[in-house]
Amino acid sequence: MSNIRKLTYEILEIGNKQHTLGKAIDIFLISLISLNVLFVILETLPSVSAEYHRWFYRFEVFSVLIFTIEYIARVWSAIEDTESQHHRPFWGRVRYMLTPMALIDLIVILPFYLSMIVTGVDLRFMRVLRLLRVFKLTRYSSSMSLLLQVLHRQSRSISAALFVLFMLIIVASSLIYFAEHKAQPEAFSSIPAAMWWAIVTMTTVGYGDVIPVTVMGKIMASIISIMSLGIVALPAGLLASGFSEALKQRRRTYEKMVHMAIQDGVVDSVEEKALNQMRETLGISKEDAAHILHSNLDQKFEKEFERDLAQLRKEIDAVLHDRCPHCDHNVKWLERRKKGTSE
Amino acid sequence: MSNIRKLTYEILEIGNKQHTLGKAIDIFLISLISLNVLFVILETLPSVSAEYHRWFYRFEVFSVLIFTIEYIARVWSAIEDTESQHHRPFWGRVRYMLTPMALIDLIVILPFYLSMIVTGVDLRFMRVLRLLRVFKLTRYSSSMSLLLQVLHRQSRSISAALFVLFMLIIVASSLIYFAEHKAQPEAFSSIPAAMWWAIVTMTTVGYGDVIPVTVMGKIMASIISIMSLGIVALPAGLLASGFSEALKQRRRTYEKMVHMAIQDGVVDSVEEKALNQMRETLGISKEDAAHILHSNLDQKFEKEFERDLAQLRKEIDAVLHDRCPHCDHNVKWLERRKKGTSE
Amino acid sequence: MSNIRKLTYEILEIGNKQHTLGKAIDIFLISLISLNVLFVILETLPSVSAEYHRWFYRFEVFSVLIFTIEYIARVWSAIEDTESQHHRPFWGRVRYMLTPMALIDLIVILPFYLSMIVTGVDLRFMRVLRLLRVFKLTRYSSSMSLLLQVLHRQSRSISAALFVLFMLIIVASSLIYFAEHKAQPEAFSSIPAAMWWAIVTMTTVGYGDVIPVTVMGKIMASIISIMSLGIVALPAGLLASGFSEALKQRRRTYEKMVHMAIQDGVVDSVEEKALNQMRETLGISKEDAAHILHSNLDQKFEKEFERDLAQLRKEIDAVLHDRCPHCDHNVKWLERRKKGTSE
Amino acid sequence: MSNIRKLTYEILEIGNKQHTLGKAIDIFLISLISLNVLFVILETLPSVSAEYHRWFYRFEVFSVLIFTIEYIARVWSAIEDTESQHHRPFWGRVRYMLTPMALIDLIVILPFYLSMIVTGVDLRFMRVLRLLRVFKLTRYSSSMSLLLQVLHRQSRSISAALFVLFMLIIVASSLIYFAEHKAQPEAFSSIPAAMWWAIVTMTTVGYGDVIPVTVMGKIMASIISIMSLGIVALPAGLLASGFSEALKQRRRTYEKMVHMAIQDGVVDSVEEKALNQMRETLGISKEDAAHILHSNLDQKFEKEFERDLAQLRKEIDAVLHDRCPHCDHNVKWLERRKKGTSE
């Protein structure tokens, strides 16, 4: 029993590298999630919905069934996680059930069962929750986890930029409200209404549904749109620089591992396997990895070569000048001295 | 009296770290300002305004009262500032009253009293000034002060970019005016009118209220919009790079402090407290701080370990080769020489 | 025969540097391609098309003739490529024919011949394929190849950013569909229809043909447009940083070559020629190249000068202090010692 | 005569730093140019034009007079330029007259005289040329010259990015033409017409005057707008990074000068003056300059202090261990040896 649980855990959590079955299940679940998202989108097309309505329902039942089995298996095997604290049979599982990923897994299947028990549940509300299935893909996507990591590390500066943006939106919408309210009492009926204009303008979307018409309003809109160019670009710039910084850091981590692996001059099969797994985890392309390995080997051999050369040069020098190769003393003289005194 | 003044000063100015009362007052004032801004916004909604008009007025009276007390307390205690030159009882306070923050504090309460004395003051004018209360939040926001600092440091290059942008707007609006004036005499009635088009186009907002229709106008608009892509992005790019540079500098400042604190190998409670306060002032997250501390400690121990190792190796070498560990001399021989001469 | 084939290969593939004929053919082909693209564009203007229809057709026949000759010559001479594996007479040529550039060369001439054999082929379909001729320019453009190289190296991070963007588009379009479907059943008829709104908004194009009108829809649109500011800028930022990194790397490659060329202190005519060719291949401007050369020479001479100076200083010191210039021993004393013992 | 010419040259060309008169003339000319630009803009407002028409004309006559005198004085004194090759009385002046700045100076006054001689010259054409006066400001603006310098240095990479953008515009407009031509024969009447849509969409301006309506057109527009996000940002990114690189380089140039000036430990009045002029030429703020100076002084003193400390430590060590402070020999023993042998 415990063995089956352990196997289940490995297949579901980290199975995609080790087990062929794990890989197959990963691909199956990714396909199922993608199809689910696709079908929720297609179902809103009236023509498609009318014709394939029954098929959509059958697929929905099948999906919920699979997701339910997946959820139960995950909860059941969660206590096998060696790194976290979900070891105790009951509380460990409860703890796991409260993690964000487990909650999403629950939320995307729950409405289906609720609609069976309680009649009269809004079908549209259920559809919204079915769309959350797209977040189940996060588990399999290294880019999503990278983005979350960047957002977490840059959270302070990004929230600072957002705070400034927020203040600018308030000031901009208030100013435009006082400038345009009389001329366009409907479009700029209140400051909250003017906020819609402010956001549409400051993000440079510019639909054109609400446009200042007074001279004062146009002057303010001009100043606001020029000022917002800088402010609005701030979170984008911080996120982009954080993203590229994180990518560089992953590269450095890999370089360090390579550096350690080639300390002895060769990369044996064990080291190669470890490097390869690391490379996949960090999301580094094969070409890059090869490039890193070769430049590291080059550096190592270059350094060794230089050291050898320097040693050789010293020894030649020593021979030529009758000196100790270590401290540059005139050895000959010392020896002669020794002989002289011993004589 | 002087003690109370000093306490008032500490509570209002730097109280948020030391006094529990200071922290409470800070939170109270931030909430009051936020509510004020929120209510100015909500008041413009006709439905809300009609129903809660009296409550809004009562809240306004209450707010002005608090802000007046705050203003008087700040001016009264300003001469306690040890760093600045506001020491002389009268001129020191006048000087403080002329600082930007003090002027904002005054401007947001003054209209209320003026409207009591002078009847017939425009109520809308008063509302605009009430919105300035949002700037009172600047005092409590480290992100706002960071932005102001970046703007100050990059002012030269940003104003250079704005000057180029300004020239481009003039040239663009003139060109489009001459191209489109005949075809659309109303939309492009004059160069100032064409400027509205130029700004809306160059910031890529593109409302669509004024659009060139002639072939020549469209060609010019195409060239202008492509050229503006680079020019308009300049201030944004400079601001973003300045922002990220300032964040790095703060990090370095903190790193320096950590480096100094661990010189002796341990971080005692006094050092920890100082580091913590520094961390909060510079706006560095707890995780980052821990990361900096550990990597610094690692480096320190690594260096020490290497030094110890090198020393040890030297001494072993010396023993093995009968040499002085400091200058590599053959000590034995020297000693034997000494004995030989003393014999 | 083999010589002519080799000459053909050199003229067509790398001829632009060595052969005057190769240069002429390059210019001729670039002009022909550009004119082809221009004429496809002009042909869509009804007024132009009506008048010059026959001339366009004649030019088309002429172009296809030239491109056919070019294609045959390229395939015939492909086995002369020394670097790749296209050596075997038959399979080497088949292999070459399957490279992307060769496929484009074929596709842009094939429809013409097909329309002769099979009647009733859609003329519009042929025009689309004629436009692909613009990609034949890629062969001659170093900027295009630079971009492709950058795209290839950054493909992982760019596809990660695109995946996140894709998920955000799905979530945004679904949310706005549920918020606006009832109020605007035509504009937001389905999620795929809402996707059009989402993309237009998130890229900040903002045509204004589909705009949310409900309060909930406007709030969602505001959040989506602010969030997309950062996500949408990610691929752009990664591409830009990759581009500037690639340019720097090219510069470094050139600097290394310069460094090696001036090892002996002078740049002879052979080295100059090699550097010049390298410079053109890497797309470095003449000014930059001159700058790199001079700063390298300066550094070289500076270092040599410093080394000479240090040596000189040591020798002067030695003379002044009666010391061995190599190990700082008091030579005089040693000599006196020697004399003393030999006396 | 020659003296007056030299004075004229100094006042006009580099006078703003040395001569009070030069400064005054600079300010006067900048004001005159700015007023000219302002009046050309205002003149297009019908209400202003009607009322102040005569005043505008008088100001125009006055401006042309001044600009004519300025132009003659510049040409006359151009041969005083010590750096360039305009020394020969006649050809030197002709050469100067062909420089871009001199041509602008001529073009902005020429139409006025032409309209006097030749009647019937289009007044609107004259106005366009009057607007070129804005470029006379370039002479006085360090930001404009910085931008031109960056554009010149990055010209290769920016033109590469523009070439890619150009190809994308052609492909995008052709694709949308074939997709939308049938559905909207007027809006997408030809590929050149579709180019207007492509540029408006790819720069994310998005007026909304031409919008794809077919499903195929919308899909293509979506792909194009997402792809253009990266391509369009390329020139902007390159320009921004070039700008910030140029600013850093100016800073480094200044730092080098400071470094040289403080070699002797003090900054005398001559050095201070030179540094100040350099600072203004390079456009570095006073604060930055002070910061650079102090950090350089600090570094210098720190290094000296460390060197002194190391020397002191060595000497103490030597005294403690009876060793020569220079080569670590046991001096005492040597001396005793000497005495021993002399004894």
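Each chain carries a letter (A, B, C and D) given by its place in the written order, and its residues are counted from 1.
Convention: a residue touches a chain if its C-beta (ideal position, glycine included) is under 8 Å from a C-beta of that chain, and two chains touch if they have at least 3 such contacts.
These figures come from a predicted structure and were not determined experimentally.
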Inset, instruction - Please identify each chain that touches chain C as well as chain D. - result: A, B
Inset, instruction - Check the residue numbers that chain A and chain B use where they touch, and answer same if over half are used by both copies, otherwise different. - result: different
Legend entry - Rotation in the CA alignment of chain B with chain D, degrees, nearest 5: 90
Inset, instruction - For the pairs A-C and A-D, output the one whose chains share more C-beta pairs in contact. - result: A-C
Legend entry - Chain whose Cα centroid lies at the greatest distance from that of chain C: B
Inset, instruction - Report the inter-chain centroid distance for chain A and chain C in whole angstrom, where each centroid is the mean of the CA atoms. - result: 28
Inset, instruction - For chain A and chain D, let me know how many angstrom lie between their CA-based centres, rounded off. - result: 40
Inset, instruction - Specify, in ascending order, the residues of chain C that touch 2 or more different other chains. - result: 204-208, 232-233, 236-237, 241, 327, 329
Inset, instruction - Would you mind writing out the residues of chain C in touch with chain B in their complex? - result: 204-208
Inset, instruction - Could you pull out which chain B residues touch chain D in their complex? - result: 153, 155-157, 159-161, 163-164, 167, 170-171, 173-175, 177-178, 189-192, 201, 204-208, 211, 218, 222, 225-226, 228-234, 236-238, 241, 326-327, 329, 334, 338, 341
Legend entry - Complex contacts: residues of chain C adjacent to chain D: 37, 40-42, 44-46, 124, 127-128, 131, 134, 137, 141-144, 146-147, 158, 162, 165, 195-196, 199-200, 203-209, 232-233, 235-237, 239-241, 243-244, 247, 283-285, 287-288, 323, 327-329, 333, 337, 340
